[in-house]
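Taking it in order: structure first as structure tokens, then the write-up.
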């Protein structure tokens, strides 16, 4: 057991820190506003030009072949520098690992580089109006017609769907199938005829979500990721944990915890809150340690299963608790516009998206503790 | 709305306070030990001799016909004086209100006076090994034979059953019945042939619980409380709330909260705990106010339904939180024998007995919020 | 000891509820201040209750109804701080730096050297402050604070009354959040069942309700202490604001988690209530500040 | 960066688990100290690990196993405070006023003026102190504290090692509490179903597990800091004790609520584990004290 970073890891960290020192991101407007979207896209271009946009990918697709540990180091330096959440996170963190694991060589070459360069923005197409927590009840269908899929149905809660060029999602490709069977993982260009994207105003009024209506949308069968009918397995594969780590790496939470310590000091000393501030920092540090723990296990060839659900529970509740603590520290100023309010509102979504925390607790109880299904 | 006590109520309080001032209870050993049992019984005798043992009962049975508000005042003064939990609480607080509501005149005259005098100690016979949270699945049966019931089965978790003279409980008197139907509420003398009482060691090693085995035990049919087959309704009747209030009146919790404030001051100032100490006091005071609120509603002819479940959730979690806070304040001394440890261990049972808090939350959700049954 | 609202108090609250169901449905609550509705509240006597001899206790059920409706108007300011003594649209910056609806007010109550003054809106300089609660815009008063007409009212009493008012509105907001969640949980199906049949949903909402129901008598007690000018006003009002505020924050959070993604949008009404909870929780002292005040009172 | 126990560490932990399954089943854990078991632990090299060149990291999985078994013997005291350097049955009153199993010890490590001394049991006066954990009796040393042989070990290092040891045992205790509850929840039926199929039970135990799993890497990091004599020892050890302690207290409480009345008796084994959780949570600083130490470290 060795928690010290290797010389190579330390050199990688120094390179990150140095680049961010010379290329401060500056404050950007919300990525869910038109102006903010463009600001974020140029920031992503700067990252890409310096080969920082997808450090853990193969070099062939725009990466640096960084290890998972180096990826975590990158994230720490990224958020320590005050850089913003990633605009194309669905492409980078949800689709790309799946493409790397299950995609054909052609698919990787076609789709990965424009994700890294942010030339093509992706949104996800999982949820449907009647398939949320119960995702396996989805009914959007893909009907085979020669070399094409004909897609019909409705997807919802597609984050940043209004700005996206592409959507990846699950479709019922076997009309007679039920639940988790007979689903295919299909990549859909949103400029295809028959696609209608309707923005949904988020709580803050910005069109953070979209509904995507599909009316006889034709896409090539070659747009299927992995084998036809294996969509559920692919979407939920062991890449799940890796996706979880890269989606919510500890770097961002550590940066928040450090800012919370500063806020506590600035606001004088409401002693009753010191305990919660200490808890917030401890929770973030524990998440960082647990991530290094899990990544070390993966790098030694171990596997991660339902622990991904424990992870999601931890980061989402920790993030909410940190921001609630900040709101309490801010007193009368809590509801005022600013980064803490934005962070608070965003953190409220944590226990909901990516599988509600109720579903995650079921998974932990059933798969880790072996309790019977309801 | 008037939160001030009337002159009569104030005079009642003064009389209580004066008597307890002149008759301090002194420290007693645990009522679950043989010595402690006798000490508690003599304390109850002193109460009874001075007509304090059942102030809200009719005078004919040993009470003072105190109003519910006066009863709450009595409890405040009782616990403020440091007096102990009531030895015959199952008789006083669970059986007596039911007897007063559903009993015949003969039953009241036979059973109430020895409860007040503590000459007959009662235990409850609700739970069975396979009927805990799911009480309606009980299988102990009462078979009619002329003017007698023949009782067979097994009851468990009868608090202080080893010291009790009588048990009240539910029995299936209609062998073909299911669930809540066909149960009768029967009073059982524990010295009857065929009764075997087995002590169960509580967590603290004392025989706080008992199992009661019934093997062809014969009791007169006259020992039925209320109509045959109506046992469930009688046990769960509107007396439920009143029982809840008298079983766990605010006086005891306010006394604990006040002692917690003293403990906090004595132990110096671990500031992080000030917030929890303040919460503890606020929770107890809120319980006191909510009780006056509910009792005022009852006295005006209002009814109380599933609010009894809200009440149980509040007092049990408040009591546990107060004692956990005390344990935290005590630091290294937390596990040492003494009143705070006793109180902590006792408070741990709160969310379990008298209907687990899980069951109470179901009741609130279904009956108050109208959510569908599972 | 008789600790229940009187029949008259309950009747008046029902009348106000009916008015607000008509005049302040959710789409109106979203839209913000309405001069017409203000006039109706005036006409009904809701704003000048204290001035016409009623007590803080009488106002609690009314403000609870205002919360239930997420009423945008500055009722707390006009009825509790100005005590119903001022005409026109009234708001205040007393006990808080941020004056709600100051842009549409005729008069604003301010504090100076521990005393209260009423100033005309056109006599002061307003600076808008962006907050999460768009239906209740707030403003800093950056100039003209030396002007105004002295009011007789006591500054601390006005502050405590406003704090109580916020606590009462928070109760109503909280109750409505829980109702919205329960309604949704009865309708929304997943896994072939209404989600309200799952214990995770049931228990979350039962716990939220528990906190609201136990905060309500605490709020009434604070009103009673205020109405008698008791020595325990500070402790009792703080306890009310702390407990009602935490209950409301918890109810909003439980409702959001029950609704899931739809609760995180502006398509459902929940967000209007949730934002008002956040706004009133922060105004006139947040639960932490008030709990610290209770701690001082009981520990020293 | 390689943050996983080595294959050797895991193997030794498995060997110790097997020993304890045989030598310390629940009925033995209830019965308390056993000289025979002490001799076996000695023989296996568990007690003198630090003295034989192993590190605090190597001890974490061993102490976790001791917790899983609710081992009554003073392993923390002998292995972590005395550092495995003393023969016989060893206990200590370092970093705590109460010396566990002092009545059966041959030597007791005490502190005086910031230094450590070993004293023979018959040289000191012991006063028994009644506690909830009958299998781990504790004693105050009321006389003879001026005697003893100076030890080379550093007092603060010994205290931090003991604190880490308690944190590691708490992890094991917590895991076992959760397992007992899960086992019961699979077997016990109410309403025609195993109670483990109810979300209220599932979610309670999932939350308990969550805290334990996230405390474990924190405990290993503290061991690593100790093994390197890092500057962050105090912060890291305190964080470990605070998080493992709260996780264990939460696990015990969740297990008790899952078991219900049977968990509140001595007929089920849970109480033995639960009482040890309470005892070790209070010893060598409780979670509040340690969290305050972390707060000082990160806030100043």
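Side notes on the structure shown:
Labels for the chains are A, B, C and D, by order of writing; each one numbers its residues from 1.
The criterion applied here is as follows: a contact is a pair of C-beta atoms (placed from the backbone, for glycine too) under 8 Å apart; a residue touches a chain by one contact, two chains touch by 3 or more.
Owing to the predicted nature of the structure, the values given are computational and were not obtained by experimental measurement.
Setting subunit B aside and leaving every other chain in place, the chains that still touch one another form one piece.
Mean C-alpha position of subunit B lies 38 Å from that of subunit D. Here the CA centre of subunit A is 52 Å from the CA centre of subunit B. In subunit A, the residues that reach two or more other chains under the touch definition are 272, 274-275, 358, 361.
Looking at subunit C, one finds that residues 198-201, 203, 288, 291-292, 295 touch two or more other chains. Taken as a contact graph, with one node per protein chain and an edge wherever two chains touch, the assembly is complete, since every chain touches every other chain.
Against subunit D, in their complex, subunit C makes its touches with residues 198-200, 203.
Those residues of subunit D lying in contact with subunit A across their complex are 1-6, 9, 57, 178, 182, 185-186, 193-194, 196-199, 201-203, 205-207, 209-210, 213-218, 220-221, 224, 239, 242-243, 288, 291-292, 294-295, 298-299. For subunit B in complex with subunit A, the touching residues are 271-272, 274-275.
Taken in their complex, subunit B has these residues touching subunit C: 1-6, 9, 69, 261, 264-265, 274-275, 277-279, 281-283, 285-287, 289-290, 292-293, 295-297, 299-300, 302, 307, 310, 313-314, 358, 360-362, 364-366, 368-374.
For subunit C in complex with subunit A, the touching residues are 96-98, 129-134, 189-191, 195, 198, 200-201, 253, 256-257, 260-261, 264-267, 271, 274-275, 278-279, 281-283, 285-289, 291-292, 295.
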